[in-house]
Every structure is written in structure tokens, then in C-alpha cells.
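Structure, as C-alpha cells:
Labels for the chains are A, B, C and D, by order of writing; each one numbers its residues from 1.
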Amino acid sequence: MSANPSGKQVAVIVGATSKWQSDGRNTQLAHGQDIDDSDIPVGIRWGIGGAIAQKFAGEGFFTVLTTRTAANAAPLADAIRAQGGECMIVELDLVSEDSVTTAFETIRNEAGDPEVLIYNAGYLEGRDLPPERELLEFIDVEMFDTAQHISSRGPFLVAKQVLPAMRKKGEGSFFFSNNSKSLRGRKRNTGESLYYPRVMMRTLSQVLTEEYSEHGIHVANVVIDGLIDSPGTRSLPKAQENPGIIMNPVKIAEGFFYLHTQDRSCWTHELQMTPHPTVPSV
Amino acid sequence: MSANPSGKQVAVIVGATSKWQSDGRNTQLAHGQDIDDSDIPVGIRWGIGGAIAQKFAGEGFFTVLTTRTAANAAPLADAIRAQGGECMIVELDLVSEDSVTTAFETIRNEAGDPEVLIYNAGYLEGRDLPPERELLEFIDVEMFDTAQHISSRGPFLVAKQVLPAMRKKGEGSFFFSNNSKSLRGRKRNTGESLYYPRVMMRTLSQVLTEEYSEHGIHVANVVIDGLIDSPGTRSLPKAQENPGIIMNPVKIAEGFFYLHTQDRSCWTHELQMTPHPTVPSV
Amino acid sequence: MSANPSGKQVAVIVGATSKWQSDGRNTQLAHGQDIDDSDIPVGIRWGIGGAIAQKFAGEGFFTVLTTRTAANAAPLADAIRAQGGECMIVELDLVSEDSVTTAFETIRNEAGDPEVLIYNAGYLEGRDLPPERELLEFIDVEMFDTAQHISSRGPFLVAKQVLPAMRKKGEGSFFFSNNSKSLRGRKRNTGESLYYPRVMMRTLSQVLTEEYSEHGIHVANVVIDGLIDSPGTRSLPKAQENPGIIMNPVKIAEGFFYLHTQDRSCWTHELQMTPHPTVPSV
Amino acid sequence: MSANPSGKQVAVIVGATSKWQSDGRNTQLAHGQDIDDSDIPVGIRWGIGGAIAQKFAGEGFFTVLTTRTAANAAPLADAIRAQGGECMIVELDLVSEDSVTTAFETIRNEAGDPEVLIYNAGYLEGRDLPPERELLEFIDVEMFDTAQHISSRGPFLVAKQVLPAMRKKGEGSFFFSNNSKSLRGRKRNTGESLYYPRVMMRTLSQVLTEEYSEHGIHVANVVIDGLIDSPGTRSLPKAQENPGIIMNPVKIAEGFFYLHTQDRSCWTHELQMTPHPTVPSV
């Protein structure tokens, strides 16, 4: 465990960076350019993945940040270290079974078996389709395959990597960071990603809850039911007009930590969070 | 506010005592007598209502304990005061609109407007019906009426008492302490209460969530999905055989307090808690 | 069985008339006067209750029409007889336990034990509240009590009247005619009834499904998820602008009859029907 | 339309054969050999797919039977023709995008655009895993991939093939034949298939309902909530002990036909069917 010499407990955040960070793909898509985030609090700069990573690092975990390209997570790693935390970056491409296997070998060897796994991966396929291609029949198979890799096959592969050790130890937390589109199949509106495969993240969470709770592993699906504050989202028109609907990722991350610290006599397996001016999604 | 001279924030627990406390009606029904609770930790002696009351008192709230007969709550009030907390007991019969009105006038006059209202009332109607009277056709109208008073009309009356002041102030918490039978209509098995009216507590929680969130009031239904530790439950055969299924009320109460302290950008409106060896109810 | 000398199977429609019929209370509330229905097809004149009654009468059932005031159902009874069907009107006030008891004694004595019971009762409490009284805190206790009588206590009383004979015979159908507000608690919008107690109709349907299916009784909740065609609704502005959202009660009634004729190896216990231009309620 | 010279409306049953037919893979797995089905009524010999095909053929549709290997469907095609119906067999492997494309080109060319598409494909991956491999961590990636091809990617590909023509015509029915494991993620018990990807069939049904209803296409998920009668299932011990739990596929097929004939003012988008001695799955 060369990267974690003091043997801290390990928290892995799969998809620790944000497509809405200052140079994220959604930010570029929505704003046409990068955004200067130097005046944005550090807890918010990398969306929910960054806030969770900082929270668990602050609580004493060795935090593993996975991302497709290490450079994307470097500023977040710097921030964690500046706050006195410890972390490492591991490259991981959820589309590739080999990449998943290799990444978790690296994590086990250099950091140790994960105590906490938070699956925060996302995708933006479908988001740039024009209105005349709104219906499902116009979704390319490639878009579908990517959405399915991130939201269905990827979590399955990750689960196979981390659950055996958690089960043998009799403890561990496996949480999904999800959105309201995971609650049921909905129409895809122009400008939205092809969200419906996200239902499979929630479904896998339900499966693992039933299969692994008795083995001491706490599984939960977290439904973040609104727009998360970040460099790319806070300047969107709808956020400017109604700031009350913007969710604070620092506070959401506290919810993940609350789940992790729940007594096993009273585990919550789905936690939905909704900004107060909004009717909760069903 | 003669009872609360220092003007602490007020938390009202409707139904603060437990039918499973040492001399509770369920305890007597299950065990044929009272139980000596002197060796049971004080956090557990009065079930979930007592644990919530102690938690909020410990966090600095002036805690109002409602009960049908003041003497039932006296030991709990003593325990709170012994822990350095402040509280008062108010008699309240949810079947009577006059009683509800009078009780909340007393609360407002002597303690102040509630900041937190936790509806924890229960009933045991139906629990002692023999197997040959298991089906709905054998439920007496009186039993149905009592169940409906506690789980449907009572919360409606209480809501009318506390929501106006919360709305004007723009803040407050209104939480329901409920069980898994509130999730949908289920068969009543011999030995169980007539639970199905409890669905109305959850339904009211959903109504108030949609109506009052935008006014700054946090509404939530808490589904306690198992057997709560208490003098009367811990000695039941099923608890003796599988202690892992017993839920710690002190830890459940922490969940209520977590809800109360959630940032309003990320409110949870339903929190289900399940002991780890158990498949969550749906 | 003086009213049913040929001993036809008996179908009881509780609430066979419509508040949207030509002289109904909703019609008067929405239009300020009665409406001439002479050019409206007879299948549609009395909303869903009238259509169900005509369907079952047409299929050979002796049909019992319950209503608070017999005169309200006289035109419907005339229509059924003109179509060659047989029926009787029985006055029934769901608020009164005595009235429920007496009405079903009459039904049993004059028509026979019901083979089919369709609970179609409704209420309009809350519908005329002004916008400044939209929130729950402004609902009068009397309004709540009426809503609860019709949607919770009433069906309980009716179930106690008809289930014993069905159970002994080992067959029967008990169907609820409900709306989408029965699916969960929702905000009451100005102009709407206090719908949330309707969740209890659905909950009772779930309870009876679990308790009585094995005894050969088919229980189902029918969610009519839109505006039903009737004299009072077809002339509403929203119906005039978008006729596709108007549901044909004759076709809905066929759905009830399909349920009744399902083989007991494949019973459906909830049937939601939605007009095609509309997203189904959840 | 060489195969359908009289230009009948076309109903396609994807997966028209049964793994429980006399020589089906589940039959062989459960019984160790083929079963003689000569004394079993023809409506039941090929499970639900065969019953649906016979029903729509009997109602005048030209019925297309897809299957991976044409020989598997030959006896069913013979039965349909013996009943006076018309049909054709088309080979289709849902794992292959090319196969899906080619099969529907054949269908369009030789039969015409489908009016009705019923997706009845299944898989048995996971069913023969031993008890020590019950947990998700022991599921091979290949098993997962097959399950996902049949229940998620396959229906997506089929939808892309048939929806454009239905949309342009403004009518059509697209129904999923599914089981209760599609309702939420559940533990896989030893002896069961890896069912959880079936949730995606239901989810796609919800997506298409919201996207295509307004275009006149009726989409529905049918939850067959029990054991379907067939040569391979009727001799299972649990069926022998409790024949009431066996569902009649001929009657289930009538439910599909009822859905197809519903008036578009009252479309049902999910139809669950449960045998009467059984509590409905949730």
C-alpha cells in the first residue's frame, strides 16, 4: 500500500470529476467555453464527485479519485492535499472490462481494499441532439451503448471488483450517486442525456441491498433530485432566475457521510434529496 | 412562555410514550404483566418517542411530550431533566378535536410555537383479535374508527394547529414516525394492529411536502422498517432468536435529527430505515 | 328477491349517478346552471357510474343503483329499462352506518347477494375554496370528515356488507372506480376536491386483494386517469380545446367488464386507463 | 408482401417459442429430457408466446414468429395453419444488431409493416448456477451481457425498427411480455435466471409510453406474475402441489388482445396478472 502508508480506510469515488467543472464537457457544451472558477468555493468546483471526495478525505479516509484522464482530476487532488487530506488518482474507463480490472488491482495494491465505494459516473450522450431527433428512434446505437456501459455494465463490473473483500470483512459501503431519471422511464426531452439506462443503477442498488445487507455491506441509491451547484451550472439561466433550486454539493456530501455512519440496525437504502422549492420527483 | 423561560426552540413529540414501555399496553398484552426496565439503558426505555424526545432535548430544544395520561410520561420527563434537558408534559387525546385544540393552545402559551413537530402516535386496535377474526369483515367499526382517528384525522388536526405559524415564520420541521405498513395496503395477520390506515399518515406527508416545502417547512415520513428496541420488544421470542433485527431507537432518533438539520437545498422527504439482516419492505 | 324475480346475478353500483350529469352539483358549480343533455348519447349522460350500470345490465345483470336521493337516478333507471335491462334504485348515504346497513339489507332481500360490487362514490368538498384557501391548513374539519366518509369509512362499511357472502360462495368481484389522485398524496390545487383521502380507497383495494383473492374474490382498483365524458365535462374549456383528452365512459365500462370476466388464473388488481395524448400519472 | 398476399394486418411475436416447450432448454434443464406434449392442449404447448401468436392469428392477423432457429417454431406454425391462420417464421438473434436489421427487412418486405409488436424474448442465464455462486459477484460477465442483450439492447434495437412506420401511420401496439422481476431489483435465488436486467424492458416501456402515446402508438408492459402453463412447467413439483398457481396462457393472451383493442381514450400502459391464490408482486 505504497500510496497509503498510514493504512487509512479507503474511499473510492468512481467518476470524481465533473462534466460541469470549469473545463468540463457539459460546461463547454452549455457555455461554449471554459469558465473561470477561481472565485467559486473549493467545495463546489468539481460538483458532487469533488465534494464527496473532499468530505471523505476530511473525515480521514484515503480517497481514490477515478477518472478517464488523470489530468482532469489533478486540481481536485491538489485541493484535497491542501486541506490536509490524502488521495490518489487512478485512470479508469468504464467501457473497458480490462480497464476496470486493472484500475482496481492498482487500488488494492497501492491503497488497499476499499471500505467505501461511491459510484458517481455519468455521461452526456444524447444531450446535443437537435429537437427533430428527440424521439427514441433517433438515438444512435453507439449512444445507447455508452449510456449502458456507464449506468449498467460499469457498475456491475465495479461491484464484482469490490464486493468480495467487503463481504469477507463483513463491512463496507457501496453507494450510487444518481439522479431523478433513475426512478422510472421518462421521455427524453431535447437537451437531456439518454437517462433511462440510469434506472439500472438504481435496480442494481436494490439487488445488492437484498443480497449483501446480511453480509454487513451497506448499499444505497442516492437520488439527487435537482441541479447541483458547480462552475457550469450556477451560471445557467434557470439557476440565475431561481437560485433556490441549486443544490449545495457540500451538503449533499454530508448526506453520503451520514449514510456511511448509520448504525447497521437502521440502514437507509435509498436517499432522495430535493431542493425545497421543488416538488420531489416520483 | 412560563414553562420555557429561556425561550428555547420547541420540539413537540405527539405520542412520546410507548405502548412497549415497561408498563405499556403492548407489553402487558405480550407478556401478561409489566416488565422491570431498571437495567435497560435510558435511551431505550420509552421506544422511539422517548429516544427522539431525549435527542432533541439533548440538542437544546425545549421538548413537549404529549400523551393521553400525564403519568405515563412522567418517568421520561424525569430522565430528560436528569440529563440536563427541559421539557413539559401536555395531555392530548387525538380522537377529540377539542383536546387537540386545547393542547396546542397550552403549548403555544406555555412553551411557544413549535419549531419541530414529530407525530409518533400509534394504536393497537386489532392486535388481540383471534385467528378466526383475521379478515377485514371481522374488524369492528369502533376499531376502524380509532385507527382512523390516530392515523388520519389526528395528523390532519395537528397539522392545522402547527403549520400556520411555521409558514409565517418560513421554517419548521413536521415529521411522521411511521412503519412499513404505511407503504401500501397489506393483509392484516393475526396479532397485528389494523395498520392500513397508517398509509394516510404517509399520504398526508406527501401532501404537505408538496404544499409546504416552498414555504420553508420540511415535511418527511420516516419508515421505521422493523422492531424497535424497548422493554417490551427485546424479550419477544423473535428478538431473542435474532437480535440483529432489533433497531436501536437512539440511532433512529439521530436520523430524525439529521433530517431536521439538512440544508434546505437538499431535503429528504421520506427516510426508510431497515435493520441490516432484513430485506427492506416495499 | 321480489325485485329480481328471474334471479339474475346482481351488480351493485355504489354511487351510480354523476355529479357531472345534466343537473349534477359539479355541472351546476362549473356552468352556473343545468345542461340540456338530450343530444348526448345515453351511454355518456351519467358519467362512469351510469356507463358501468348500463354495461352490466346489458350483459344480463340485475343492476342496483345506489344514490343519496332516488330521483337523481331515475333517468338512468329509465334508460336501462328502455335498453331491455333490469335494475332497482336504493337510497344510500355513505356517511351513515345505519344507512349502509339498511341499504344492503334491502339489496339482499329484494335483489339477492351481490355478485359484483363497484364502488363509484365521489365528493366535491374543497372544490369551491378560493385561491387564498388553497393550503391544507384552510380545509375545514367538516370537509375532511366528508371526504373521509366517502373514501375511507364508506368503503370499509360496504366491504363488511358484501364480502361475507362472496367469501362463502367462493366468488365475486369488488372493484373501486378511482382517479389518479389515489396514487399518492399531491398538492390540492384551487378548484380541486380534497382528493388525498382517495388514497385509502386504493389502499383498501390492496388490503382486500391480499386477504380475499385466495377466497375467490376478485378485488381491483381502477385508476381513471383523466376527464370522463359527461354532460358537465364535455363543455369545459379544456375539453373543447383538446377533445382527445376526454375519456369515453362506455369504453371505460368495458374495462370493468373485462376485469370481471378475467380467468382467475390471471387476475389484474389495478387497472389504470389514460387518454392517449396524456402522460400517465404516477 | 409475398408471404402475406391478402395484406392482413401484421402481428410480430419476438420470441414466439418457449424455453418450456416439450423440447425447450428449461424443460431439459428441469426434467433432464424432452417431454411428450401430445396430450396437452395446443393453446398451451408453446407457453405465452405460442398462445399470443395463436390468438392474434385467430383474430385475423398475419402472424410473424421470430426465433433463433426456425425449426423451433415449426410445430407452432403448423398449429396456427391448422387453425386456419396465416404466419411465417423469421430467424432473429437479438444479440446481433445485423440480425435484427435483417429480420425486420424481411418482415417488412414479405409481410408488411407490423401493426402489433409483442416482445416476448427471454433467457435462462444464471439458472444453473450452484448455491455457492448465488451472489452477484459470481455472475460471469458473459451471463450479464446475454441478459442485457435480451432485455435491454434487444428491445431498443427492435423499437428502432418498428416505431418509425407506426408513428407515420399514427397507430400501432408495442407490448412487452414481462415477469414480476421487472418491477424492481431483487435478490437472485439459486435456480433463477439473472432477472434484474428485465427492469429495463419495463423502463423502456415507460419511456416509449411517454414518447409515443401522443403519436397514436399504444405501449404497455405486461407483468405475468406467476408460472405459465406449458409442457415443462405443469409437471414441476410446485405446480403439481398447487395447480391454482398455474396461469393459463390462453387467458393471458386474451389480456394482450384486450389491450390491443382498447379505445385510445383509455389506454392501459401496465397490466399485471396474478393467479388468484397468490399475493401480487410489488
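In this section, contacts are C-beta pairs under 8 Å (C-beta built on N, C-alpha and C of every residue); 3 or more make two chains touch, one makes a residue touch a chain.
Values in this document were obtained by computation on a predicted structure and should not be read as measured data.
Participant: Which chains are shared contacts of chain B and chain D?
Facilitator: Chains that touch both chain B and chain D, as defined above, are A, C.
Participant: So chain A and chain B: same face meeting same face, with over half the numbers shared, or different?
Facilitator: Looking at both copies, the contact residues mostly coincide.
Participant: Hey, which chain ends up farthest from chain D, C-alpha centres compared?
Facilitator: Measuring from the centre of chain D, the most distant chain centre belongs to B.
Participant: How far is the middle of chain B from the middle of chain C, if each middle is the mean of its Cα atoms, in Å?
Facilitator: That pair's centroid distance is 35 Å.
Participant: Per the centroid of Cα atoms for each chain, what is the distance between chain A and chain C, given in Å?
Facilitator: The mean C-alpha positions of chain A and chain C differ by 48 Å.
Participant: Please output the residue numbers of chain C that touch at least 2 other chains, ranges allowed.
Facilitator: Residues 184, 187, 209-210, 279.
Participant: Going by the contact rule at the top, pick out the chain B residues touching chain D in the complex.
Facilitator: 184, 187, 279, 282
Participant: What residues on chain D touch chain A, complex-wise?
Facilitator: It comes out as residues 97, 134-137, 139, 141, 144-145, 148, 152-153, 156-157, 159-160, 163-164, 167, 184-188, 196-197, 199-200, 202-212.
Participant: Across the complex, what residues on chain B touch chain A?
Facilitator: 209-210, 213-214, 216, 218, 224, 226, 244, 246-248, 251-252, 254-255, 258, 262-280
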